[in-house]
Structure formats: structure tokens, C-alpha cells
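Each of the two complexes below includes chain A, the first together with chain B, the second together with chain C.
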Partner chain A sequence: MYVAVKGGERAIDNAHALLAKKRRGATDIPELTVDQVREQMPFAVSRVMSEGSLYDPQLAALAIKQAAGDLMEAIFLLRAYRTTLPRFASSMPIDTSAMQLSRRISATFKDLPGGQLLGPTYDYTHRLLDFALLAEGEQPGPEIDPQAAIEKCPRVLDFLVDEGLMSRDGDSSAAVPDITREPLEFPANRAQRLQALARGDEGFLLALSYSTQRGYGRNHPFAGEIRIGELEVWIEPEELDFAVPLGDIEVTECEMVNQFIGGKGIEAQFTRGYGLAFGYAERKAMGMALVDRALRAEEFGEEVQGPAQQEEFVLAHCDNVEAAGFVSHLKLPHYVDFQSELELIRKLRAQPGSQQEQTP
Partner chain B sequence: MTSLHNAQQQADSGYNFAYLDEQSKRMIRRGLLKAVAIPGYQVPFAGREMPLPYGWGTGGMQLTAAILGRDDVLKVIDQGADDTTNAVSIRRFFGRTAGVATTLRTPEATVIQTRHRIPETPLSADQIMVYQVPIPEPLRFIEPSESETRTMHALGDYGVMHVKLYEDIATFGHIATSYAYPVTVDDNYVMDPSPIPKFDNPKLHMSPALMLFGAGREKRLYAVPPYTRVESLDFEDHPFEVQSWEHNCAICGSADSYLDELIVDDAGSKQFVCSDTDYCLQRRDQQLSGEGAQ
Partner chain C sequence: MHSDPNVAKRQHWMGVLARAAQQLQPYADALKDAQYSHIRHPEIGMTLVRGRIGGTGEAFNLGEMSVTRCVVRLEDGRIGFSYVSGRDKQHAELAALADAHLQGSQQQHWLRELIEPLAAQQQAGKAAQAAETATTQVEFFTLVRGED
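For the complex of A and B:
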């Protein structure tokens, strides 16, 4: 007697053991430590913290190690942990103009207060494999000027606001929605959209923002400012009437300047898109800013032509934990439903006098 | 920032009973009460991330976690079977996080979480069925926008659904939907019964058991209260009918249960067996004890 897929329990246990072996690799090579991952893979850690919606480099590094470098799996691990944590307070709005900058660039002004600060970036590297890295032991780094002080560094877009060329974005002082605690319903507001995009898949946002550049909802962007650095997070506990600092986090912020709205008696104005991500995550922040701007089409009375401008399409599909889960569930058995399809297709083909030709 | 916990000590006892914290459970129970009060209505809820992937039963698991008590006896099936890997995984999860008794026998269970089937053994009034739902919106493949479909439900605007079924008949001579076959609940909302084969649709009608449906990724839950009318959509001249087989179950001989088709050799020979493994086993046991008594 043939017996269908029995022994699920043992199969699962064996699969877990095989996975642990796969993750560890050859045992004559030293095991990767979580500290190594945290310190030497900062971009992976940033991505996992951003899309995992939890700022904790140590746990993100643990997740990356546990996921054997599969970042989506690591994001999922961090999310599943995050969901068990109590939410005890909302932070005060962070002030990115008070950031301890490690990088700050503007593509709209050649020089500006605070200056352009290139910082650590791959931008002007030649993408030639550095075979010297095959060997270990190098400790590179720039010379440090102990006298150097950081200049005051106002935000680029504020200059445009002060000139009246752009409206101010700001704290509406309304209660902050939390899409992880309240269901996201459509139409969403901008705060909810930005939250969803901040958790959204970097690749998906990159592709969508690219599509706006190629004409599917064009919005004429300039990278007004990108800044990366550390800043303090403050909370105001209910039992105190003053705020206390919680700690420092590194963030990447991108503000895009986009083409105009106006006409019908209103003076022309630039518009903007906003992107923010944990850690050093420039590509993510830029993609997010472009998609944020695209999603404001309706607000600005623009025709919705491209997928990047469709709120339901973007927000319902940008989460990679949801997407990866639903695509991967196709691996689960579907033989009951498939059986009903088999029964149906045989019935359709067996109909007397069926006009249907043989289907291919 | 330093983390507030020690990752080493994250043992199973580190989680609340049945994994979810009590506030999340309360939120889900409030949603369930609303769902029971408005049969077939899709209640949005703030679905939590579960430690299993979306699409693998996170909606059903959240409902199970929200309703599970210490005295409950849990059964988990996938494709009608208790021993499919995902059913094993979910049953283990609640065994681990809630420590509740689990069973493979339908009559013993108080909560049955299922994917794609309703057990063949008739359910009773002290049982709750929890369905895992991938796409809760029956109108989704006709209208992709959630804003639109919610309006259509509010207006009872279900004409497109019948047009779709009519087009099937015009094209194929039959309604070409064999699972996730839409139903009308309590003469009001059109509902997706989850991807159960249409064979199982009649079991929803006037069932003494409470039926709860959870879609984790889509963050919707809905319900069919006990003894509620559930009718499958059809036409007077094309009445709803369920699947039937020319074969009986190769193990227990059942002629009226849903059968899985197995390909048993390289020549493609087929065999048909019950998809509901517990039902099949119960019948087999009865037959054996019957033979033993003779």
C-alpha cells in the first residue's frame, strides 16, 4: 500500500539539522561571530534593521548569522521578534538637522552652509575586485584631525522653504498612527504610507522609483539632500513632564526636490519626497523618497499613470516578509485543490458534444 | 543602543501563553466578536507578525492563539491530514507555546485549525473551526482594488460575480470554480470560504460549530456563526453540485468522502484515498473491529 507523505515530524527535525550544518559550513574554518557580522557588514545590518523595523545592530547581526546571510530571512527573524515586544512609548520627533554627520551631500547646490561631506561611500570607487582583501590583517582608515569640529549644517530644503519656493513639511501634531498596531486601510495618509515604505523592500522600492524615472509617473527629481549620521532619540515618559534621551541611532535621510505644482492662481512651488532608513542605507532612502513623491500624485492633482503612483498597489506589495511568505507558500501541499481542478478539467473534457477542441 | 534582553534566555517560557501577548489577543477577540455579529463581513485587524511565514497559516494561528484556553484540545490539519509537514509544524508550535493537549481525532478536538479542508466527521456545537485564508476577498480577482471591493460589499453589488460564473458556463459549459467557491452568508455578504474544495461548501451550511476565518497577510478576519445559512452561488438551470469520484477510497472503501489521487507507479497508475486521514483511520478501525467480532 502506497502511503502519502507520512513522517512529517521526523522530516522536519532532519531538515532543521541539515540547515544548521549548511549554515555552519566547513568546520575547519572558524565560526563567524555575531560581533564580526555587526562590525564588518554594516550595510547588511542597516538593511535588516530598517526592513525589520527594529533598531538593534546586535540582534540584526544575530539574525544575519542565523539566516546564513539570507537578508530577507534575517528581516523576518527580526520582525517576528519585534512583534513580541511591548510598545511602551512613542519617541519625540527626531531632529535630523542636529545629526552628528558622517556624510552629507546635495545635488542641487554646489556649495552651501555645512558644505558637502562625502564620507564613506562606494560612489567614486572603481568597481575592481580588490584582491588584497583576500589576505587578512589590513586596518585601513583615514587620518583623523583631532581639531576638526562639525559646522552647523542646516537642511537644504529649508532654504527653498524660506524663499517660498516649497511648502514646509512638518509635524502635524496629530497622533502618530502605527501600522503594526492598527490595520492599514485605504486610502492611507502620508504618515502611514511613509511607515509602510520604511519597512518596504529595498529592491521593490528601487525598481518602482526607477520606473518613475523612465516615465511611469515621472516627477522630475533632484537629490536635494542626503545626510547620514547619528542622532539622539528622546522620549517623554508619561510619569515625567520632561523628555529623556534613550540612546543614539544612525539614520539615513533623503529629501528629494521635485517639479512644480501651481497654476490656477497659486504660485508655482517645488514639491518633495521623503525617505528615512535606519543605519547607512542610501539606496533605500532614495528609493523611498521617490516613491513617496510618486504616491503624492493625488494630493497634487496629478494623473495617476504608473504603478509607483498607485497607493494600494505599492503599499500592499512593498513588504518583503509578506511577499516572500505568500510566494513561498506555493511550496505547501495543494493536492486537495489540485484534485478538484483535475476533476473539473476531466469533466469539462468529457462533456458530450463539447465544442472545446483539445486544450494544449 | 543596547538591547533590553538576553538573547540566550529566549526560551519557550519567555513567551506568553500561545505566543501572542494578551493585548494582541484582546484586539483579535474584539475583531472576532464583530465578525460573529456580522456574518461574512471581513473585519480588518492589526495582524501581528508570527514566527511562521505569511501564507503558511499566520491568520489562522493568530485566531487560534486568541481563542485557545488551557483546557482546549487542538487538532491541526492541512489538506485534510494531520501529518502533513505544515500541520505538524503548527501543532508543535502550540504544543510548545501553549502546552495544550493536541489530538488527531476530530471528535476529541475543541479547536480545529485547518487549511483547505473541513473534516468529514460531522462537527458539534462545542467545536470551533479555524480556517487559514490566503485571499479573503471573494471579489479580488474581479476587482483588484480593496477600496472598490469594500464599497461593492457595502452596496451588495455582486452582479459581477454572477457574470463571472455565467461566463464560465458560456465558455466551458460548467462553472469552472472548483475550490474557494464563493458563498452567500445569511442572505447577505458574499464570502470566500477559503480554498476548501467546493465539496466541503455544504458542510458550512447550518453547521453547529462556530467557523472562524483568519487571513494574516491581508489582515482580515471573518466568521460564520453556528446554524447560519451558507449558500453556494449558482443558477436555477445550473445548480451548485459537488465533486464525485468513480472510485472508492483504496484504504477504507468510503464512497462519499473527498479523495486524493495518488500516482503509484511509473506507468502513471492511480489510486484514490481519503484526504481526511482521521476519518479514513476511524473507518478502518471500525472495519477491523467489526471483522474481529465476527
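For the complex of A and C:
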């Protein structure tokens, strides 16, 4: 347990001033602008928006600048800001089928209507440092046929659903649970789990999904479809009797096709896991989809063998703001607590013959 | 889109205005060239964005997005609304003013002068982006595996 302390104001002020100086770095180098961060670090901005749980590229970029590139600190800043704003409404569910695609791939079908659209990707790069970037330069992009258009891209998993090889996720008109307003209780339902995972730490979800691939709760996944693009968000304002579009946001969606279930009167069919994230965040969406599927173990009567399948373990530890907060609190003064432990250990050692008694 | 064509038309222009952001700036003088009052001053808040499980299933909460809203009343009683993504109060006010103007007798004028050019610009931007993406369409060839 930590205790309250007083004093130290001057040292704290100076420490913050020193942090600001460290953030600025050498002053003979031009200062980074928020616009530069927003435009030139889109993946960092995406991550901060997803895990900060607020879609606002400008504020995410500001948070990254203020946090001097510490993304978890930036996520914390955005979360804190988010609590100061009123919520006007909940949106109508976004329609990811109507996305203006900038990327769409499937690892399950080579030839599919609309085709595979790689978009801007690090896939197929050689991961060699590009020393040309040490100098400033224009990046003109590929040569473009201005008339070229994207064909209609139907949902890949619908092919399997139409063939009866997979069930469609049902649409119920039940009230949508909100874990930011009503605390999470276990067992949770899938909507609650997905909300928690959407805000969850990318590294944590990635590691858990990797653990399922290594045998701690296998679910035999295929990346059925990944789509990245912009879509319009609509709300139904109280004061108007029709829905209104707010503008576009970028999202990443991942649909996993997983090992099949069947028997006991059910025909064999594939199962599915779902991931959705703000911005261009492919790794996050994939990790989320794998963990979503892992957490459905009980629903499909699978034996729970790995941490990724344990709902309470995953959901209680996936939020990096909570995790960082609780780990960081160890830095707060624990002087009283520690003093009592210190006294105890000294007392134990002072007892005659203590070494024999204490050594098992 | 609404089944009533008049409402659908309004939804269309509200969408164009919501996306316009800085593009509305050149029209600011024209839009403000009227007597108007605020029913709701530009106000920053959030909308909770919802997705669907599996893309088409049950709704779940993805996260919030920042939104600015505003309501204005013109002298003749017409009321304009705006809900726009982001935190630009000026944008929200201009969008609400435009919504009010577009409901009046000058609708054709505002559609021609404001909405159509903005919609064309936005459409061109989307087409350019689609053309870029189209350059990355691949044809994968499966190689014969040495199994048989």
C-alpha cells in the first residue's frame, strides 16, 4: 500500500520542465508539428486512436507529440481527454461491406470477385533499411491509370455462408452493452468481449493469438478476408426524424475462418473470429479476430487449454491503460509498507539459528 | 438513405457538408450573409461508433469518435442542423447555416453553387484513391506442388 506524501513541488515542476526539454530535443533541429505526425505516422495514429478509444487523428497526433513517441502514454492521454467530452449519441452500426477500399486481401480464395487489392503494405518488402530515407525526398507513388476503378468486392465469408459451410453471425435487436458505462462482469457476451478487445493492447492480443498458433488453444485459422478503407458513420439524432451522416472514418476489418465444429446433429461447418479497429491497423485486427475466436471455446464445447481461451484472464488484462497504471503505481511511495517488511526480515534474521529454520 | 426523396436529398447534402471541413471556408462570407441566431452553439462531443459482429451480425461498440454539432435559425424561421466529425466549430456552424439555406427558396442556387462543386471534389478524391488502389490488384498464380 502506498502513502500520501507532501512537498517536492519545485522538484516536480523542474522534472516536468526537463521532460519538455527532452521532448523538444536539440533545438538546431526543426520541431515536429502535429500535422507532420498525423500525415507521416499514420500507423502510430491508428494505434493511438484504437486503444485510446477515440477516433480523432489530430488529437492522436497531438498525444503522440506530447508523449514524445511513447504510444502507451499517448493512448493514456487520449483516454483521459475522452472522459471530458459528452456523448451525443451512438452511431448506427457501420457497414463495412460498403467500405471505400484501400486494401482487401483473402488468404482463403485466390480468385474472388473484386480481386485481391494489396494497397499500401509492408508485406513483400524485404525489411532492409532504406538508407534513401535518410535524405528528404518526394515519394511519387506508382503510375496510375486515372480511369481505373475497383470492382465490387462482396464479403468473402458470405461465399461460405451461402454454401451452408458457415453460419452467419446473428443480428439481434438486443440493447448493445457498453463496458465503459456498465462494469464488465463474467461471463461476458461476445459484444462486450469485442468492445474490450477493440480497446485492448495490440502487443498483448498479438502474443495471445500467437500462443494459440503454438498450441495453447489451437483454432486452426485462415485469414478469410482483411479489408481496410473508409466508410461513412451515421447517427439518428434525437431532434431529427431521420439519420444523418457525420463524415468518414478509416477502419480495418479482419474475418478469420477457423476450424470446424460438427457432430451431434450439427453438420460440419467452419467457425469464425472477428476483428475491427480504427485506422489502418492490420496486425491489431488479426490479433483481435484470433482472440475473439479463442474466447468462443466454451460456446463450441472446446476444452479450454490456453490463456487466450480464458475470458477473465484476457479481458481483465488486455487494457494497457489499466495495466500500465497498476504497474506504474509501484513507483509511488511505499515507504511505510516497506519499512514494516524490512523490520520483519531483520527480526527473522536476528533470531538464533534462523538460517536453518528459514531454509527449506 | 431515406425513402422520402426530399429527406434523402437532405441526407446527401448533410453528408457532403460533413465531409467538407476546410472546403467550406471559401463560402463562409456567403453563408453568413443572413440574419441568424444560434439555437445550439457549436458544441464538441462524441459519438459511440458501433460495428457489427462478423460485419453483418449483432452490434457492438467499437469506440468513440469526436463530433461537433450546431443548430442555427435563420430570420425566416428555417432551422439548420449539423453533426460533423472532428472538433472544428467553424465547420459545424457553416454546415448548419448551409443546411438552413438549402431548405429555403434559394435551394437550387445553394445546390448549384455549394453542394454540387463540393460533391464533385469529394467524388474526384475518392475516384483518385480508388485508381491508386486499383494499381495494386494482384493475380496470384499457384505453383504446382511436388506432391504427386
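We take it that the second predicted complex is superposed on the first by the 338 of 360 C-alpha atoms of A that agree within 3 Å, B and C clash if a C-alpha of one lies under 4 Å from a C-alpha of the other, contacts with A are read in each partner's own complex, and residues count from 1 in each chain.
Going forward, contacts are C-beta pairs under 8 Å (C-beta built on N, C-alpha and C of every residue); 3 or more make two chains touch, one makes a residue touch a chain.
Keep in mind the model is a prediction, meaning the values are calculated, not measured.
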Discussion item. Tell me the contact category for A:249 with respect to chain B and chain C: first, second, both or neither.
Written reply: both
Item to complete: Check the residue A:342 against both partner chains and state whether it touches chain B (first), chain C (second), both, or neither.
Response: first
Discussion item. Is A:86 touching anything from chain B or chain C once the two structures are fitted on A? First, second, both or neither.
Written reply: both
Worksheet item: With the two structures laid over each other on chain A, which partner does A:58 touch: chain B (first), chain C (second), both, or neither?
Response: both
Practice prompt. Figure out whether A:351 sits in contact with chain B (first) or chain C (second), or with both, or with neither.
Written response: first
Worksheet item: Residues of chain A touched: more by chain B or chain C?
Response: C
Practice prompt. Answer with first, second, both or neither: which of chain B and chain C does A:268 touch in the superposed model?
Written response: neither
Worksheet item: In the superposed arrangement, which partner chain does A:98 touch: chain B (first), chain C (second), both, or neither?
Response: neither
Practice prompt. Name the contact category of A:19: first (chain B only), second (chain C only), both, or neither.
Written response: neither
Item to complete: Please identify the positions on chain A that touch both chain B and chain C, taking each partner from its own complex.
Response: 55-56, 58-59, 82, 86, 180, 246-249
Response to the item:
Seen from chain C, its contact residues with chain A in the complex are 2, 7, 10-11, 14-15, 18-19, 43-67, 69, 71, 81, 83-87, 126-140, 142
Worksheet, complete the sentence: The residues of chain A that touch chain B in their complex are 1-2, 4-9, 11-12, 55-59, 62, 76, 79-80, 82-84, 86, 180-187, 246-249, 312, 316, 321-322, 324-329, 332-337, 339-344, 347-348, 351, 354, 356
Worksheet item: Which part of chain B faces chain A closely enough to touch in the complex?
Response: 1-3, 7, 15, 19, 21, 44-51, 53-56, 58, 78-81, 83-89, 92, 115-117, 134, 144-147, 172-174, 176, 178-180, 195-199, 217, 219, 243, 245, 250-251, 258-262, 264, 271, 273, 275
Worksheet, complete the sentence: Given the complex, residues on chain A that touch chain C span 49-50, 53-56, 58-59, 82, 85-94, 96-97, 100-103, 110, 115-120, 141-150, 155, 157, 168-172, 174, 176-180, 190-192, 194-195, 198-199, 232-233, 235, 237, 239-240, 242-249, 251, 253, 255, 272, 274, 276-278
